[in-house]
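Both complexes below contain chain A, partnered by chain B and then by chain C.
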Partner chain A sequence: MVDSRGQALSFEGIAAGIILLSAVGFALQVTAVTPLSPSTSSQHVENQIQSTSEGALDSAAERGVLADSVLYWNDSAGAFHDASPDVEHYQGVPSSGLAISDTLNRTFADRNVAYNLRIQYHTDEGLKTQQFVEQGRPSDHAVSASRMLVVHESDRLVEADGSEGPRLGDPGTGFFAPNLDNESLYNVLHVEVVAWRI
Partner chain B sequence: MRGQTTLDFAIGVSIFLAVVFFTFGFLPGVLDPFDVAAEDNPTMADRTADNLAHGQLGSPDQPNVLDWYCTVEYFEGNASPANCSYEGQTLDERLALGVGGSANITITRNGSLSELLCWAPDATSEGEPGLETDCTGNDVTMLAIGDDRPGAQDTTIASRRVVSLYDQTVILEVVLW
Partner chain C sequence: MAHLSGAGERGDRGQLLMIAVLVLAAAFIVLALVINSAIFTENLATREDVAGSEEALEYRADVTASIDAAIVAGNEDHELATDAELEAHARNEISTLQNRGGLVQAIRGGVVDLSYDTKQMGDRIAQDNTSRNLTNDTASADWRPATGVDEIRNVGFELTEVDTRGEPFRFRLEGGDNWQLSVSGDSSEVAIKVDTPTASAQCVRDEPTAGDPLTIDVTGASVNGEPCHALHRLSNGTQMWLGTGVSGSFDLRFQNSDRVNGTYSMVTRGGTPDTGIESGYDSDEPYVVNALYSVRFDYSYQGHAVAYNGTVLSAPGEVPP
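Moving on to the complex of A and B:
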């Protein structure tokens, strides 16, 4: 065995192969590629959800269903009509009587997008938040869109069947937001959608 | 013994080469998800949809609310009306996509082509104009314009907006390729 020096043995081939494969394995671990990994295409998806959220709010506001929806309040029970028991708001898919429900379902539910809706209102101590629709905890990729809505003392609550209820400004009418006592203005609401892919 | 390949050497080198070829064959596939076929198309689709929803068919001071007259005229394919904010007669002139760009624009009720809307002068029972999905009558305007969408094997970029048209919430979809 004069010339056995300098030769690769099968053991060395296996060792080199393991080193290469573990390098690839490490590279895969540090860049976990999932459908939600950040890339140009998932950024595009987030932009889409953001724009559709804004569009849904704009469109609902234009047709007047946004105001009807936030006024869909049961003033004797102190909760939204047909809200989930124990909480004042909707969990999961909102009641079909809600005016905005059709818009939201058509926009989001068919496209595997979950959303939360909340309403911020002004009080003497500052902004407070009323949950409206809650479908879970937003993911890291969630986007949000909001729209301002002014309610007046002459606006009426909406009954469960869609008919007109008592005026907001009438004494004894209960609503989640207080009356700011600024002439005919009742309160200024900020409706916010937080949407994310599921 | 001289000039011969030992069995041990042959096994070692072939295992090593097999792993090398496997690795180099496999690695490019790992980066595939990050690769968007046409880099600038997502932005372009987004801009086009924004341009339509906020400018050409609507107005900047009331975004996502489309003017029904301008919208119907847009899909009619005639010369642009004077009081609408788009110019030109063809889709290429209105969108300025550049050479080789193709576009398809639709307005649907829920985003699927089976619910494609059309504008009918006598949609309601009282003969009032409106939007409907049953597009069979005379002088209806299909709310779809542009080239036919390519098959599933080609890369397209879609951008959709939820807009209000004639007091209905509809979905405006722009497909570019």
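Moving on to the complex of A and C:
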């Protein structure tokens, strides 16, 4: 009598242990990685940076700041105004005269997000890329957002002080992208932001 | 005795332990389910309405913005004078976007097709001379740039000088009920005041100085690049934007236009322009030229998960109805 109850108790104990452990294990499995878990590789954070990048580009384009920034080109030096020496583009934090730098700094700098900006343009040989702002090599979980921008021959380059420069369509005006063989359209640019958390 | 009865008690406690363990296990499972469903709900709630639709809609917005810019550039191009030339310009831009933009979109995994559909023609009434006042060719200070207008968009003023003495400059839409913009001020500040049939509000800015004009984007609801609530919507939701409360066709009217200097531009559909302004581009005096009012184009996008088809209307600087 006493023997058989002892056996039953042991079985009960083992079964209870298994249930308890599997319940704890299951609960841990479910909650260990949520979309909100703090981790640089978290998809949720990537989505957020992606949306933020798109928002920043859209807002800049809507206010005309994106076009002004892309046209912030020194046609005699063949580089962006106040660009880093030896390269045509900005390394690190872009010049404060660049219209979009304020938008980007307010969007990214306070949140420990680094970004690169590049511009793809069309040539007769196909697509080419002009570096714009370079802050480093993107990490594995970098995200990108891009926006198309059409520039016309009637658009003007922006001088270093923000005033209007020469017309793009005028002969002798130098710009990184060539004039496509078309009436008033100059080129179709694709501005791309690559952002990642640091 | 106590030891013997203790054996019996220990047996009862085993059963109790068993029940407690089962209850705990069940509680854990329920908790896990609750957490899981919360995560799943959040996940569902933050998903797109239709998976993959974002790319199609985003690119549609990109294309629309580009066509908008093309229409503005075409209307401001003095070499494009006739309806046929303007239409050819719009067709050309759409086909370039189709080829050039489509290439980049194809690299990203979407196939885009754009084609020109229809257009609506209108007039662009403007003045490009920054130092002239806003009177018409016959120097009338109270005049109507156009009468019987059906629609108006992309209205902007760039005032280099505002005379704040006396009656202010007014830009009015008159059609039974009137909408009015007036620019008045004191020695240092300028008030941009808007009156609709039911409400009025104003934005105050610094007076324009040499090299720093007062830029009023009436349809974009901004003054000197900063948002102006009086041109858009008040904090209680009252609509204020261009033409609020004016129904049917209307007349455009400038009053006291000799009090301000600067340039302006607006695109109208329907109506008759004032006979006192130049027909065809003029760099000195106000003029009226043919313009594209709006362009409709077909847009289709085939992505990996979604096929989107639609007709898009591009009319840059149009206020909500």
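What we mean here is this: the second predicted complex is superposed on the first by the 157 of 198 C-alpha atoms of A that agree within 3 Å, B and C clash if a C-alpha of one lies under 4 Å from a C-alpha of the other, contacts with A are read in each partner's own complex, and residues count from 1 in each chain.
Just so it is clear, contacts are C-beta pairs under 8 Å (C-beta built on N, C-alpha and C of every residue); 3 or more make two chains touch, one makes a residue touch a chain.
Model, not experiment: these values are computed from the prediction.
**Q** Which partner chains sit in contact with A:His152 here, chain B, chain C, both or neither? Use first/second/both/neither.
**A** second
**Q** With the two complexes superposed on chain A, say which partner A:Ala16 touches: chain B (first), chain C (second), both, or neither.
**A** A:Ala16: touches chain B and chain C.
**Q** Which partner does A:His190 contact after superposing on A: first (chain B), second (chain C), both, neither?
**A** Only chain C; A:His190 stays clear of chain B.
**Q** Taking the superposition on A as described, I'd like to know which of chain B and chain C A:Glu54 touches: first, second, both or neither.
**A** A:Glu54 sits against chain B and chain C alike.
**Q** Touching A:Arg63, do we find chain B (first), chain C (second), both, or neither?
**A** Both: A:Arg63 reaches chain B and chain C.
**Q** Return first, second, both or neither, reflecting whether A:Arg106 touches chain B, chain C, both chains, or no partner chain.
**A** Once the two structures are laid over each other on A, A:Arg106 reaches chain B alone.
**Q** Look at A:Asp124 in the shared chain and tell me whether it touches chain B only, chain C only, both, or neither; answer first, second, both or neither.
**A** In the superposition, A:Asp124 touches no partner, neither chain B nor chain C.
**Q** Which partner does A:Ala27 contact after superposing on A: first (chain B), second (chain C), both, neither?
**A** both
**Q** Jot down the residues of chain A that show up as touching in both complexes, chain B in one and chain C in the other.
**A** On chain A, the overlap between the chain B and chain C contacts is residues 2, 9, 12-13, 16, 20, 24, 27, 31, 35, 47, 54, 58, 63.
**Q** Touching chain B in the complex: which residues of chain A?
**A** Spelled out, the residues of chain A in touch with chain B are 1-4, 7-14, 16-17, 20-21, 24, 27-28, 31, 33, 35, 37, 39-41, 43-44, 47-48, 51-52, 54-56, 58-60, 62-63, 102-103, 106-107, 110-111.
**Q** Provide the residue numbers of chain B that touch chain A in the complex, in ascending order.
**A** It comes out as residues 1-2, 6, 8-9, 11-16, 18-20, 23, 26-27, 30, 33-34, 36, 39, 42, 45-46, 49-50, 53, 62-65, 109-111, 157, 159-164, 167-169, 171.
**Q** Under the definition above, what is the set of chain C residues touching chain A in their complex?
**A** Where chain C meets chain A, its residues are 7, 11, 14, 17-18, 21-22, 24-25, 28-29, 31-32, 35-36, 39, 42-43, 46, 58-59, 61-63, 65-66, 69-70, 73-74, 76-77, 80, 89, 92-93, 96-97, 100-101, 103-104, 107, 225.
**Q** Write out the stretch or stretches of chain A touching chain C in their complex.
**A** Listed in rising order, the residues are 2, 5, 9, 12-13, 16, 19-20, 22-24, 26-27, 30-31, 34-35, 47, 54, 58, 61, 63, 120, 122, 127, 147-150, 152, 154-155, 180, 182-185, 188, 190.
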